[in-house]
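Right after this note come the structures.
Next come two complexes, and both contain subunit A; in the first it sits with subunit B, in the second with subunit C.
And then the complex of A and B:
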């Protein structure tokens, strides 16, 4: 890449950066103005020029599947060990008729154990959260579907943990592995989840196995990164102490490095669990039963009350898993006084066992503690349906939502979309490159040119532009909400903490959940797609705005105060400039989230890449599936590279490390 | 092996940091200075050092930060591989050892204490102290017994089940000391063990350390940036600057005869009479038998101050602790040390 950059410099004859940007934009504008008279091939690539990427990919997959018989191996894994593990958890949790034929466990037992674990990790609050989540789940009659979801999670999360840990150790140990795996992980994190699903189905059989595999792969990247980070951070003195104690290499790894990297590894575990949950819910799209599947079905048939209840369950499970695993990170061992009895030292284990056995016994006699039947459940779905529909039918509410929908659609979204679609392909690419060059510099600009050319050559240009349109409009809209909210909140300590906590919690929700309020208010329309993304992306924007403003060094704000700056002057000329690099990280995250969400929102009915992707899930069109997925990833990566490179340079320039 | 062979002996040891140190050292012109080497893109962590540490001796390596003292001690235990020269431990060249031999040497002969303790955060005091024993595969019962023994030795009884973060800095360093002693090492490396502690605790730990040394009589390499600490503890002091040893001598000699301006700067602020012993000032007895009560060789000039001022004799006999005469001390010379040259 460096030599291309050097060449570019030669060719441009050392033109200044602004000059190049101006030229790029100028040519683009000319092309746009001249569009009515442009030859067709300059407006859109002619079909004939488009290489059959999908066919080539299909050929590669065909080779893997038919000639290498890779599927024999993967299917063996799917039908052998993986199926066995899934069967085990499915039997225990939901009572599927599989070995060991014990389950299902009574819900009261699971709730009791969760409460004890919660209490052990974080006192009565987490105990209540753990127990309460399962009590709620059982009482609203969602026990079976919740357990279907958790039984896949219980297999996928440990699998992702193990693989991620091993890869993380390898990345720490060998530099070449680190270098090789980094770009791969970056792509893996930007590829839309639909692209995980189809290969999983083809290589690992339809059903829970495919879901578990897609979930596992999706959750691996952060574990690799956190493990490598943790191992690198182990203090050199601890390493030397280990060596001086005469540890062998194996002893160093298992007894010195890994235990000392505990914190980072457990943070990785937290992320693995949360990503697994987010993904398990999404596997509904390949027909996996569970919370996600039910939610999808309910939303499709517009049963908003039931959808809402399932949403609450998903949120509760997410918050519980998140809080538990975070509490585990900070939970450090404490000593017992000498002579403390075994029972006292292991009081939590004892309590869990007693609770489990106790409820197991009681539930044999009291049916409702074993299973909450359909009739007994306290679900208020129907009633809430009526309530929500009644609320939406109020004239005033209808007037407001209708008005918002009208204004956004007619005045903002549709004109913007048509404008983007009007731009000839080469002009569009030039504008993107100009943006990347202006903001990120040479390297991002080169990548932007390559990536968007590939998108153009893939033959899905219009749909890619529509995807981009949803992303950009949603992120811009959420900036109008998130940034003022963040600025307002950062003014007081109390509100910062509150909003940050809210954002943290909201970020643990599986993305699927964010569709709910948008659908409730705006039904099924283009506005709903954009608004669901807006809700989703406002969270990181708000969060990083607060964090950026709060971490401005106090001496600088004090210096501004002493210079007699008004609040407004202080904000505009001191705080915001210093907070901008951090805010850029939030902006970047918002864009990544938007790309993620826009694909999910496809099921509301869009005309973008997501919808095509979703269609491929029904068939075996692996090549097309990959091309579509790559387009999303390439566009997302362009923004990621550009913004992150800007934030990095800006931080260095400001001396913020 | 006889007692007077040095335990550690290093000759012309170099440790260079940089892209290709071995090759650079091979082609480097002699007498290249630290700054010239740095200009070539290399850092001389250890620069042509030759030293010997005798059995039961305490060698203190003193230098400011970046002087290479920590690097040197890490070369002794091969935590760093040296670039040039030889290091022998008990007559065996450690650079020729394979990994197993190296691990075996560390398991049986060496203990090390670190500035920020280097304790394993997830293990209790007992398990931290027993760690080296566990590494060499001792059975659980034995290592518990031995660990309790050393924990008692450093005065941490009753804290066996605590975790490092539940202890104060001084206590944590006691754990570090206990761990380094668990395998009964012959050679004891201490890398600025008391630098991270408060001055009061530091003093207390130094006393504790001297008590232990009295009892155990190990061969010790002790690193510090604190000249007072060096004078207080050392049998010999090696003063380092820019990777090289400026002077290696007994505290008395360093204070009395600093050989380079750099060493002299350190000694200027020191009250010499606290450091210099009568033994060092004792010259040969020239024929005549000195008269009167002798002074003890092991006393410092400061301890003899009153007598030096009041005693009318010009020459004072000096006797060792068995009462045998070892020489005579010139009173004027001793007074010069006490009061400074007029």
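And then the complex of A and C:
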């Protein structure tokens, strides 16, 4: 890679990198200064030059749906096998009227089994977490809706796992598949979720089926990547051993490769579960029943307390599944002495069955163990509403928020937005290219040029710039919070764990719930939009700062200590530079999160791509929907490529591998 | 000979048609649920009426705009609250494409317009007149709007033309679009704490009436053509120079295959009609009394048997 870059540098006729960056910025500045006298087509692309991308896409979709009758196939899948599986889980968990007409299972049975699984995986702590999560869910009166959600996830997650695993194996086996599928996955990971909600409805029928499909698609990419990564890392000695014992190709795959890649595959499983849970609320827009739908209904009737409780349930379920799957990653298969009885070998399975049957039996007589009614539940919704409203009424709080709103809006955000919108389109593209070239090098610069030109050609330039403005403002702001917080926390083990737990919670807590208190504090304005993104973007910045600082090789810090560096010197000239590549990963993730959240912020009230996307949900504008989604993805990918390429080179330079 | 076969065939077809009228398909009727209470409870009420009628009913949560496309495709069987203002456009677009039918109006009327909570009147006593509102525009000013007042309009996709009206009537207001209904409530909720005057977009029937008493601003009354002909309304050169219609429709819609597949249920749906107080009562059971929607529907049905019993008996 490095020598290719060197070669390219020679080919450009000795123009150094700095010189090119200077020229790009120089021309851009000239264009900006000359804007008042520039011809119109240099300020913004004239409408007439914009190709009707949306119409072309609509034609393609029309061909797929009307001529190829693709919907017949997808509809068959949705109404046949998929509906059958969803009906099965829905019957067992929430008692929907479908085959096999057994459910619903009493909540106490489910809680008992979860507790046993938790105990098996990670001792009494996880046992408590598993059982406790379900006890909480039942006691606050959310059992049915939580089971509706889980019944869809119980289909979507294994589906995503299977497809991801197969694609991962294919990507590892065939290089061409790997190359073909990589860009696809990159786009899938950056495209806003609103973009595939609509196709999901048209191809797979509104309701749990569309919800399951959208969730599955969203969760596939990390599974593919982790599987391929794990299989590539299998050491040649193990492969040799497998070959020597005369394994067939199938045996090689199932008995040698897959078990050796177990850790990576399980990390993939963990990712799949987390992404599935992230979609719980968003898929409610296309008919996914359960927690998400209830949350939206609660928010629309302004019940803060009860939507908060639903958020807590989602976090608990997420943390539980996360810790379970992580414990599964590190848990090694157990081996027993020959002759150990079956019951001892399977003691946890037996315990789970006993617990299940026991509670099934008891719950027949004690009704509250079967179902907690609305009147018996311990929901504190109303009380919490009172607390939140009381807090907001405090004069001091109002004074502070009013001041923040005034300063940020009037002096920082609105001028910044107007400045970005003032820049002529070509100058803007040049600035982005200069940035990509300076930080990432040639390849990211070329992609930046192509990607942003496409955005300009799509005809949604101003909205794209406003989207970018929210993203940049939020990421910069969260750097001031996240990095100092990370540095402070990294000093002690105890604080690191505490802050990391806080990060986990903030990340899984449904972002929709932040929106209402944020509006109540700052009104419908740019401050609210940016601050609600900040909550999300601060998480990866903090997390990776902690991780980066704590993984600085101890030799380095010791060397600094020995040469008599002060704490400050050590931090600034040893620890931070070494942690920077890791922190860059966090920075990159922060930008990706910001692009995700800025679309959700459309529910506060924005004038960006998110707002238009939200509008397309109403109709059938598949083409427009895709163009908008593509713009978001292209901008996100530009940053992704640039920062990751910088981090990679930096790591190599520092010898951190 | 040939005519005879034809006749038997048509007789048979007739027979099956009557048979299917007597017995609806046992496939579930899919009723969509959206994210506001009155619609959820009403859907449960009608769902339970249909169950009493012997039908199999299922509910599905959907977006309130996207639902019309789902009805056209037959994925969803009916929609019980088609608001003239909010969903008229989506509904008409779906009607043009085909696959959906208009099943008549509720007795209830709907109104959507600029609205303020009661405490606002203290700061601006001349309300609800729009001229008085304009005179105290500065009361509604915020950090970003300078001297002008701030009006929080509904989401852009609701097409409420707030900006056009401000221009047409030359008002000192800046129009900001909220992103969702929830954002509107959050603004009112925040203003409630210290009784700050606000003017926002709102509608009736709606749960908000029960939580925050308030009034609509009285603009120049709606006249037909106000949105198409500049000459109509006080400003001869502008569109949207009057208030929204004070009596908008609230319709029911259904998939066009419903009448054939579930004739008896369709006959019930044709008769279903609720009034404003009935709808408000349904919403209140969930929003104020904190009942679950299905319980609320059960109780409402118990209390109002005389309203709905007739819809079934004459249907079958």
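What we mean here is this: the second predicted complex is superposed on the first by the 610 of 657 C-alpha atoms of A that agree within 3 Å, B and C clash if a C-alpha of one lies under 4 Å from a C-alpha of the other, contacts with A are read in each partner's own complex, and residues count from 1 in each chain.
Convention: contacts are C-beta pairs under 8 Å (C-beta built on N, C-alpha and C of every residue); 3 or more make two chains touch, one makes a residue touch a chain.
Small disclaimer: the values here were computed from a predicted structure and weren't measured.
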item	value
Side-by-side fit of subunit B and subunit C on subunit A, or clash	fit
Touched partner set for A:653, first subunit B, second subunit C, both or neither	neither
Contacts of A:48 with subunit B and subunit C, given as first, second, both or neither	neither
Subunit B versus subunit C as contact partner of A:37, first or second or both or neither	neither
Per-residue touch tally on subunit A - higher for subunit B or for subunit C	C
First (subunit B), second (subunit C), both or neither touched by A:515	second
Which of subunit B and subunit C A:382 touches, first, second, both or neither	second
Subunit B versus subunit C as contact partner of A:235, first or second or both or neither	first
Which of subunit B and subunit C A:336 touches, first, second, both or neither	first
Subunit B versus subunit C as contact partner of A:525, first or second or both or neither	second
Vertex subunit A angle, Cα centres of subunit C and subunit B, expressed to the nearest 10 degrees	150
Lowest inter-chain C-alpha distance for subunit C and subunit B in the superposed arrangement, angstrom	45
On subunit A, the residue positions that both subunit B and subunit C contact, one per complex	none
In the complex with subunit A, residue positions of subunit B that touch it	74, 77, 79, 103-104, 106-108, 110-112, 114-124, 131-132, 134-136, 158, 160-163, 165-166, 176, 179-180, 183, 189
Parts of subunit A lying in touch with subunit B, wherever the complex brings them together	235, 237-238, 240-248, 251, 255-256, 259-260, 262, 332-338
Complex interface listing, subunit C residues touching subunit A	30, 32-33, 35-37, 40, 56, 59-63, 65-67, 69-70, 73, 75-76, 90, 93, 142-144, 152, 155-157, 176-183, 185-187, 189-190, 192-194, 207-208, 211, 286-287, 290-292, 295
Touching residues (chain side subunit A, partner subunit C) in the complex	97, 198, 201-202, 205-208, 284-289, 293, 296-297, 299-303, 374, 381-382, 389, 392-393, 398, 402, 405-406, 409-410, 414, 515-517, 519-521, 523-525, 601-607, 611, 614-615, 617-620
